[in-house]
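Two complexes are shown next, each including chain A; its partner changes from chain B in the first to chain C in the second.
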Partner chain A sequence: MQPLEAQLKQFVIDNFLFGNQNGFKNDHSFLERGIIDSTGMLELICHLEKTYQIKVQDSELVPDNLDSVNRLAAFVLRKQAAETMGASASAS
Partner chain B sequence: MCGITGCINTDGRPADAALLESMVGLIRHRGPEEAGIYTNKEAGLGHARLSIIDIACGQQPMSTQDGRLWITFNGEIFNYLELREDLVAKGHRFETRSDTEVLLHMYEEEGSACVKKLNGQWAFGIWDTKEHKLFLSRDRLGVRPIVYTQTANSFLFASEVKALFADPSVARRVNFKALDQLFTFWFPLPPQTFFEGVFELPPGHSLTFQNGKTDIECHWQMDYTPDPIGLRSEQDYAEELWSILVDAVRLRLRSDVPVATYLSGGLDSSVTTAIVKHFTDRRLRSFSVTFDDPEYDESSFQNEVVRYLGTEHQEVRCSYADIGRVFPDVIWHTEKPILRTAPAPLFLLSELVRNAGFKVVVTGEGSDEMLGGYDIFKEAKIRAFWAAMPASRFRPHLLRRLYPYLSNVQNQSDAYLRAFFRVHPGDLDSPFFSHLPRFELTAKLKTFFSDDTRDAIKGSDPVSEFAKRLPVDYPKWDRFLQAQFLEAMYLLPGYILSSQGDRVAMGHSVEVRLPFLDFRMVQFASKLPPSLKMKVLNEKYLLKKAAGNYIPASVRNRHKQPYRAPEGKSFFSGNFDYVADLLSPEGLGKGGVFNSAAVSMLVQKFLAGRAIGVKDNMALTGILSTQLAIDQFIHNFNAKTSKEPHATTRSAVKTVCDR
Partner chain C sequence: MQVEQFLEQSAERYPDKVALICGTERLTYVTIEARCNQLANTLLSGGLNRWDRVAIYMENSPETAFGIFAALKAGGVFLVVNATTKVDKLTYILNNCRASVLITTQKKLNEIREAWVQTPYLQTVIVAGTDDLSTIDPIDKKMISLEQAFATASAERPARRCIDIDLAALIYTSGSTGKPKGVMVTHLNIVSAATSITTYLENTPEDVIINLLPLAFDYGLYQLLMAFKMGATLVLERGFAYAFVLIETMLREKVTGLPLVPTISSILLQMDLRKYQFPQLRYISNTAAALPTEHIRQLRASFPHVKIFSMYGLTECKRVSYLPPDQLDIRPRSVGRGMPNEEVYIVDDVGKRLGPGETGELVVRGANVMKGYWELPDETSKMLRDGGFPWPEKVLHTGDLFTNDAEGYLYWMGRKDDIIKTRGEKVSPKEVEDAIYAMPQISDAAVVGVPDEVLGSAIKAFVTVKPGATLTERDVLRHCKERLEDFMIPKFVEIRESMPKTGTGKISKRALALNMEGSE
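Moving on to the complex of A and B:
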């Protein structure tokens, strides 16, 4: 299993850059580099929800959470932790 | 409406009648009813005729009585009866009732300046046997096409590129600079075409070719001199608009064959159809495109207009597979890559019209450009308003007013909506402020270019190239007028009137007539204050006011929905061999323009159902249409043309040989 950052980076490269990495780095802003447009946002959210079993709330749709590979990875980890805690809290 | 061709030899050879016949043969779809050739000891003209005015006597090429001037003409001069009266008063004698003969006498009387008096849509060539001079002219807005090229020993022109390629000495190569422009703006900057060495005469220009030298002059250029606000009342402007439009429609009903209308369900074609209905006593037939996919279908609005106006209506219903099926034929007619599939349903519509027995249709095209209808104008207005006070919390809320028909935009959070539409530093100073988002989005498609293509366009800068062509007064114009200029003078001829207009209509021998592009309407619109075109965010405000109850209120008040057609699904829902072949690594390698690995990833994304956005769909359409253009015009041109139904019908060609 690849580390989370590598998985997310690969998704962006395959899905939005069609293999043309062109020096793309984990801290590059998707917006600044024009990598993700309005449709890309929807694709990204669908991918996160499906692949990492998280639910992205409307209030979380902000660049601070989603605008680079590093931010995405941190967001996914936070969400997974929160949802696991929520699940164990409700199980107990 | 017709097809025209010509060839001037520069090496002393007599004109080659066989070549002219082949040239005409390749554009017989533009005029299947008659064909004619004129040749003399150095020059020849060819003509394929769609008979609309003076059916019995309007054959071409046509000459003056003394045989000095010969003309081949495509189009219509709508004010020909008025011009003819003036000419008769000056002593000219006429043998036919045709507008072609009027044009010939106009040139005889006034030379190249005669085009300034024409109200029409034209592309013609006149050969002066005494001066050994060719004169070509194209209408102001580029409704009718002319392309030309020069070989070592001849100058050739035609309505379409394929006719030039009938001469085997004309090289058939991709123009990479034009490709780069097309994948930025949606069109190559004229006179460039998709093919290296083949040029189009820009709209509003004339060309003379004499003694081996080509001279191009501009006979008309759009200029905006809006009246000061308050000079006239809104009512006054609305009444003038309506009276010009009514007369523009009236002139366009001048025809010796019946005229029908296109009806999209939007404001413009409803207005033109309503005028035809209310101001003529003709039995009115209307035609429209509908879609299986409800996202694109406007049949409810169309039906409402049909009921309201009582037209006799027919529609062609378009499935995904229909679009995929006709797409290769569409590219054969557009003769350049396209980034949207929207021309394909219009190609099917012209087939329906032709099969119903009509060859002339009035359409609403040109209204958005002249009277301020496009969303790109609204987007620019909102973005500029927000940029004037970037900290405002209220202003970006207006972004929600944009693109109500695009769920991908409407579903964004406020934060992302602001991020996508934000104004970057320096954008407001750009002459292309309104169009930068479109240019930037389109240019992203170049990610699919191969290394060879990247090398071929290295150092080219389409946006700077474009900026050099803007008129001197452009910086003085209101930003709204600048945006209008870019749409009216570039996208309109480069895509709307060509790929989505003339080419797909003429593909089935149907002529489109466009009242909103009547020269008097263009002049009127150039003086109209921008605030009456788009009042705050209400597009085509004055037209709606002028139209009043001639159209249903629901159509007058609906939000504009641009005409669009399904893309990706059209190509992957029918097992089309050409799609598989041209998108395969071998097909892409042969084409040479695109990176095979990148395109494969795009195709996989489509097959997985994940390609839902504008960019991916434009990319697929652009790649496939480029591949088709290369395949049909460069690699397999001879195989393709040998199958063309009209290419070999030479027996029907009337030849005049003047030695």
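Moving on to the complex of A and C:
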């Protein structure tokens, strides 16, 4: 399986750049570069929730979490860790 | 009155009040007035003549506002070009209106350098975001750093050069020929429309209005103009993608006015808004496409104390109608009645006025109606026609089909032509088709609007591929993204074996829209 960053980058290239990865880098801001608009952001969040089994809270809809491939990857890892801990805590 | 006086009068009345909040910047009226005077004086010393066109090409920012008011103060005509416009179209627009000045950012400059040699009328480029232009080859243009202008130019207000029937702005919209056309708007047009709108919205100097829409779009532009007219505060956002950022900003700045379009409301309503309190929020306005009934219900539940204004308009007269908030539950699908100081009526094909329940073209009379399209007399005479009064007067034929009820409330029924209204912008199918035809693999392309609850209409492209060529939907979308503004990119692409044709061999868009095979 591809590393998380590569998976997310591929999703962005496929869905928002329609396959054109010309110079697109993992630290590029989606908003500054006009890569993802408001409706695209909805698609992205749906994808994160479905693919990585996380639940994105309203208060997490901020650029710090979502505005580049690197930030997305860090956010997904943080969420998965927190949700795994939460699940094992409730199971014990 | 002239449009720059919106700023000048507010700067005199409320000099130290915060007029504009953008990111971390908070600018008072007196500061903005000084910056705009400095930029106006820079334009004047650079030789700007009365009525010269000043193009502004950048994302929403304080500098966009400075460009608008400085152009007016210097006696010029401003145009704000959508920041997602590609270089070919920007070049077309600059040449079409023979703009002599372009105000842009250093970042944008790199993307549009290839336009330089093709824009013979453009003399001066003013660059925001840098005070060092030494590394940029000016070719044949005079390059000025905006920061340098602020450091050196006089902040004294220049003498007024215009009167209120002079042009103030050109607002480019999609034309049926596939080329954009410039809607000519006078100072009087803007003052009239802004006065009518602020009257029915009951705006006051205490208002804090948040603008998420591009200033190139007239709905966005007017948020700035009306806020400054009232001496209110504008929270200017670069755009809208992060719903929680909007919530935080609204809470922090105690926003009183929230102008929406249905795409924004659908994202906002994904959140559980009942968790937050917005005691200061006074009104929400909506235009571009009618709000889906479900959005209205949810907005009402989330903001029970807030007035919701459902509105309709077109760039050629700015706004046509608004539905008084107390009518929203009674007639949720109506866009209301004509705004103050404006008359609207519905006519048949020969210009006869129609009664309630009949469908025809909406006609608008008022001081808000445009002067015409820039250097397009034929297109102008199609839209502005003799009103049949004992005095000479042209009225605006909107091209929009409407019906009204017994109380005169208007209901939008569709377009007379094939122009697609999506996200409140008009899109000419021809412009999108021309872009698609530039792909060598394409045999036929036809673009239509399909009903979409949130967008009004969504753009759908049907294409056929030349024998032996291969092409995917994504190839078409990628190509469109490289050539068209974001709102013109099709939402759907369908690759077909063949196109339905009419008896004369043309592609039958009606058959495509109905998604039927065969010929008519």
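The definition used in the following text is that the second predicted complex is superposed on the first by the 92 of 92 C-alpha atoms of A that agree within 3 Å, B and C clash if a C-alpha of one lies under 4 Å from a C-alpha of the other, contacts with A are read in each partner's own complex, and residues count from 1 in each chain.
Definition applied: a contact is a pair of C-beta atoms (placed from the backbone, for glycine too) under 8 Å apart; a residue touches a chain by one contact, two chains touch by 3 or more.
Quick caveat, the model's predicted, so the values are computed rather than measured.
**Student:** Of the partners chain B and chain C, which touch A:19 in the superposed model: first, second, both, neither?
**Tutor:** Both chain B and chain C are touched by A:19.
**Student:** If we overlay the two complexes on their shared chain A, which of chain B and chain C does A:2 touch? Say first, second, both or neither.
**Tutor:** It touches nothing on chain B or chain C.
**Student:** Let me test your reading of the model: by the given contact rule, A:42 touches which partner, first (chain B), second (chain C), both or neither?
**Tutor:** In the superposition, A:42 contacts both chain B and chain C.
**Student:** After superposition on the shared chain, which partner residues are touched by A:34: those of chain B (first), chain C (second), both, or neither?
**Tutor:** After superposing on A, A:34 lies in contact with both chain B and chain C.
**Student:** Examine A:63 and indicate which partner it touches, taking first as chain B and second as chain C; both and neither are also allowed.
**Tutor:** So A:63 meets both chain B and chain C here.
**Student:** Under the contact rule defined above, give the chain A residues that sit at the interface with chain B and also at the interface with chain C.
**Tutor:** 14, 17-20, 31, 34, 37-42, 58-59, 61-63
**Student:** In the complex of these two chains, what residues of chain C are touching chain A?
**Tutor:** Result: residues 83-84, 238-245, 247, 263-264, 267, 270-272, 275, 474-475, 477-478, 481-482, 486 of chain C touch chain A.
**Student:** Give the list of chain B residues in touch with chain A in this complex.
**Tutor:** Residues of chain B touching chain A: 406, 408-409, 411-413, 415-416, 419-420, 440-441, 444, 447-448, 595, 597-599, 601-602, 605, 610, 612-616.
**Student:** In their complex, what parts of chain A are in touch with chain B?
**Tutor:** 14-15, 17-20, 31, 34, 37-43, 58-59, 61-63
**Student:** Once bound in the complex, which stretches of chain A touch chain C?
**Tutor:** Residue positions touching the partner: 14, 17-20, 30-31, 34, 36-42, 58-63, 66-67.
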